[in-house]
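Look for subunit A in each of the two complexes below; its partner is subunit B in the first and subunit C in the second.
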Partner chain A sequence: MTELRRAFGAPLSALIVFLAGVWILGLIAAPQIIMIEQSFWTMQRPEGAAELSVRIDALYNRLDVLALDHAAAADDAARAAIDAERVEVQGEITALEAQESTPVKTWTLSNYAQMGQAHLAIFAKTILASLAVTAIAFVVCYPIAFAIAKLEPPRRAAMIMLALVVPYAINELLRVFAWQMILNYSGPLNAALGLVGIGPIPFLESGTGVFVAMVYAYILFMVFPLYNVLETLDTNQIEAARDLGAGPLQIHRRVVLPHARPGIAVGCIMTFMLSAGSYAVPYIMTRGTADPWFTQLVYNRFFQATNWNVGAAYALSLLVVCTGFIFVMMRLLKVRLKDIAK
Partner chain B sequence: MTVSARGMEITLSAAAVRFGDFQAVHPTDLTIRAGEFFSILGPSGCGKTTILRLVSGFLDPSEGDVLIGGRSMRGIAPSDRPTALIFQNLALFPLMPVWENVAFGLEMRGWSKARRRARAIELLTMVALGDHADKLPSELSGGQRQRVAIARALAVEPAVLLLDEPLSALDLKLRQHMRTELKQLQRETGITFVYITHDQGEALTMSDRVAVMNAGRLVQLGTADDLYDRPANAFVATFVGETNRLTGRIDAVEGKRARIATPEGPFVAPNPAGLGVGNHAFLFLRPERLHVLTEGDSRANMLAGRLVRRDMEGAFSTLVIDTGQSHVTVHRVNGGDAPLVEGAVSLGFSQDAGVILPLGETAND
Partner chain C sequence: MSGRGSGLILRVYMALFFVYMFLPLGIMVVAGFNAYSPPSVTVWQGFSLQWFGELWADERMRSGLRNSLIIAGSVIALALPMGLAGALLLGRLGARAAGLLYTLMVSPLLTPGIILGISTVIFWRNFDVAGGLFTAILAQTTFVASYAMLMFMARLQRQDATLEEAARDLGATPLQAFRRITLPFLRPTIATAAVIAFLQSFENYNTTMFAIGGQHTLVTEIGSRMRFGLSPVVNVIGILFIIATITCAVVWAILKERERGAANGASA
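What follows is the complex of A and B.
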């Protein structure tokens, strides 16, 4: 703090602290706190509350009927009888409404217990599939990143990186839709396969399409961290290993991969988080024809079951697993937060 | 503790390297003797590192051939050559402990862990780092890292050790110390050392023989004394050691000497290139071979000037003398008894002190 003031002066320091505070509160703390809060309560109505409102509704109906009867009544005597009954019914309504109460906000853990067998299975499938997407992305990206970072002259490396980025200038939805069309049952890929006598293969309906589109959609988040970390590897180390008799596999196992650990961790974490949290990709690619992604369940809790509390609990469960994944990755790769921040 | 490898001879036979249009190394014939401490000296970009890469196998010659121990190295991978390379930045593996660094070559040759660790410790003990086996390279000092790199290279028992300016990152004191260590190591092991450097001090002190390179060509090959006392051309004369350069025209030739007329006056000096009368030439004079003359003293060659500056260097002083035409530097030993020089000075040097060489590229151009 003192150092900050010495470096920037009091007004600028105050601004920096203020902006950092807004950042932490607005972008990190507030959304999480709201979700966590939501997930721990439910609106509970007291015992018999449902029956009570049914009774009140019935009495109001009776009141409407009596009003019609009143208008249609033949003589004053009948009208008086109806009026008497109306007063009686009105009185009953008032009495019942007095008993009626607003739902009570009740703190509970029950939102987390709402996940049935089916939803749990989807949850597990989503996590496993995201892990698979992450693994595929790594297998695809590592050779590419290594080749660009270490084998290409710097100028060409920059061009290749640019070429890799260009498709990502297009909106993600459009790109996913494009894949949806390519992999469609009657799409160009199946048409091409048909020419050689294969298929048609239900890519989208089998869930394969989700994989393809996800690897495609998030592959850059794996390539860039890998490329960045591999670029910092001193080429002399590779040559030293070669000079000492290491073959390509041994060079990667003993020299390149250990060096790339922070980049692998960052790439895997980003790809996994994006895959597990993706909504648009599975929604567009399956459109209900294959098992949903867990995020779709969360969406449904919020906007179809209109139970925001259970939705929040679902979302939070996903968050906890993803956070757990980060720590497991860091542990596995022996990477500290400090290395990742680099 | 001995390293059983014996040095091997290296021969470049009309070896040349071209990168596109750029001729990095012109066709070069060179024989480095078995068990010799050989240096390749030159300014950056002169092609010395390219030659090192030719020998180590990271580069193949565009023309000609490289032979090690009489065997052509064409198509033989770096790992299959009897060479080991020490990189300028050492290229130690930063994530491996010191002993694993040293044992890396043995690991690649399939040695068991216990065996290679024992051997690594043996080698580390040889370079006085036996206690540091389990540290990371980053925990060692510059000189210690240097020795780890040497131990790592020696572990694979090479017949030729290639060193690419490995001392350049060290401070002066340590560098001087490491020179002695390297020289001693070379004597003990009998391995052929090929040492690449742009530092003439390193090349002159350690080497049995030195090759001076400039712009992709080998410009002189010889012992340190050859290079310093008998430079073959203007480049070597100016690149190796300090020198004064006078320009003039030869007006007389007497046997192995010639007289050159310069704006500073006529001087007689050896004429190894056998230049004839009328040729324009350089006269090179080493600062320590110029003497400040006292009253009544005389030499075969004399010139007069005024003292401009005196720089105290410790063992000697550098006097900068203005001759009216140019500035000449003179090294004067600090004997403690020489009177301080002031104002007008008379300088002299013997007939064999300088050297007359044809005009040509110098190191300072």
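What follows is the complex of A and C.
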């Protein structure tokens, strides 16, 4: 902090700390903490609510009796006494009723237990499918990234990457929509299959469409990080390995892949996170005809069932899995956070 | 891979990859000019520009565009100063504190977008603020500031510290040194960060969808059009996006080329 003050002076330092503080505490940390907190409690009817209602009923009876007494009372003094008691009873009823109907905040794990068999299956399916998307993306992209970075002349490589920026920069929704058209029941793919006497196949309704579109939508998030690291690989290293008698497989296993670790980590983390957290792709591809993606369940908890506590628990489960994946990748590939976020 | 054969296989493979990347976009473009609705390339009813007209007359798309621009402008105004503050702070802290702070500041980039949207809405509900443009702006700022921070950090690492020190030795106050030395040095990055922030905000769907409540942006509106009541108006938007992207890419390539030319000219 003293270093900060020395470098920027007191007013500017204060502004820097304020801005960074609002961002880190107010926008990043606080909402996450509140979400975690919210996932561990629920509003419940207070304990002993049944007993309370019996007592309230008894008090209402007492009121009726007092009303009768009031009508039968002999003089004003007696009536005043009864009136006083009626006010008192009425007050007691109001207090008890408030107590009965005010839900109390109860700490519980039940929000997580709500997930049940069906939702747990969707949760597992979402994660497994996302892992599969990640694996496919890596297998498809590795040769592409290697070919562009190491086999093309630099000028051409730059042009190719620029061309790939076009589909990369076009909105995810529109790219997914293109596949929705292609895989449609009356789309071009089914028309082509029809020519050879197959189909039509309900790609969208079976959930296949979600998978296909997801690979398409997120595959470029694998290409760019892989290309970036492979570009920095010194071609002399490959030549040296070859001169020393290494075959293509060995070169990749011993030279190229170890060098590419940070890029592999970034690509896999991005692809997995985007797939597992994707709302757009399943939303557009299935139109509700196939099993939902886990993100859709989360959305429904919030905005249709309006149970925010359960929604928070679902969202947190997803976050835990994604964070876990990041740690596993960092451990497996022996990279640090600094290497990833560049 | 030394052989010519495997080189050819890689070439073919790469060509196939490009077909895979661009063919779907081509199909979307073609259907945008087809008079037939819902969008299709298998049923052709003739070339038509009618969907461009319908998009122009679409009130919800226009209000969505307006909201998108409001959000993007606010996100730029918030995220750039915050990201810059984060980057400046990082450079002046001890290793351990910087490490922790860095982890916190990049964490939004490693968090699924829907979580950022949800947590923001949950947080502000405690202050009786419902989902809307305001929460969408804050939720997007959370991660856009991370991008800005990384870009500023990369630039600051290349700054020549002696310049600032020289200015201070010559009697400049810290504020003057920052304004006259550091800020001009950062200017190109500020411009790039603003463009990136704009695109990230404008194109965002996941975070916005969960944070925006009953409001809509251009992209969330496109999303609901794709799900309900399909019309080639969506394809027309796709065509416009593609044209805009290609234009940007070409302009960028030309600028880059000119820069290279200038550098060569200077060195020659």
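Criterion: the second predicted complex is superposed on the first by the 263 of 342 C-alpha atoms of A that agree within 3 Å, B and C clash if a C-alpha of one lies under 4 Å from a C-alpha of the other, contacts with A are read in each partner's own complex, and residues count from 1 in each chain.
In this text, a contact is a pair of C-beta atoms (placed from the backbone, for glycine too) under 8 Å apart; a residue touches a chain by one contact, two chains touch by 3 or more.
Treat the numbers as computed from the prediction; the structure is a model and nothing was measured.
Three-chain overlay on subunit A, with subunit B and subunit C fitting side by side and no clash. Of the two partner chains, subunit B is the only one touched by A:Gln250; subunit C is not. By the touch criterion defined above, A:Arg242 lies against subunit B and subunit C together after alignment on the C-alpha atoms of chain A.
Of the two partners subunit B and subunit C, more residues of subunit A are touched by C. Shared-chain residue A:Ile122: touches no atom of subunit B or subunit C. In the superposed pair of complexes, A:Ile56 makes contact with neither subunit B nor subunit C. Residue contacts after overlaying the shared chain place A:Pro188 against subunit C, while subunit B stays out of touching range.
Superposition on chain A places subunit B within reach of subunit C only down to 8 Å, the least C-alpha distance between them. On subunit A, the patch touched by subunit B and the patch touched by subunit C overlap at residues 242. Interface residues of subunit B, counted against subunit A in their complex, comprise 56-58, 77-79, 83-85, 87-89, 91, 93, 95-96, 104-105, 107-109, 152, 156.
Those residues of subunit C whose C-beta lies close enough to touch subunit A in the complex are 1-2, 6-7, 10-11, 13-14, 17-18, 20-22, 24-25, 27-28, 31, 39-43, 81-86, 88-89, 92-93, 101-116, 118-123, 125-126, 138, 141-142, 145, 150, 154, 164, 173-175, 178, 199, 203, 205-206, 209-210, 219, 222-223, 226-227, 234, 237-238, 241-242, 245-246, 248-249, 252-253. Of all the residues in subunit A, the ones that touch subunit B in their complex are 234, 236-237, 239-247, 250, 254-255, 258-259.
Subunit A meets subunit C in the complex at residues 3-4, 6-9, 11-12, 15-20, 22-24, 27-32, 34-35, 38, 140, 143-144, 147-148, 151, 159, 162-167, 169-182, 186-188, 191, 216, 220, 242, 248, 251, 269, 273-274, 276-280, 283-284, 287, 295, 298-299, 302, 308, 311-312, 315, 318-319, 322-323, 326, 337-338, 340-342.
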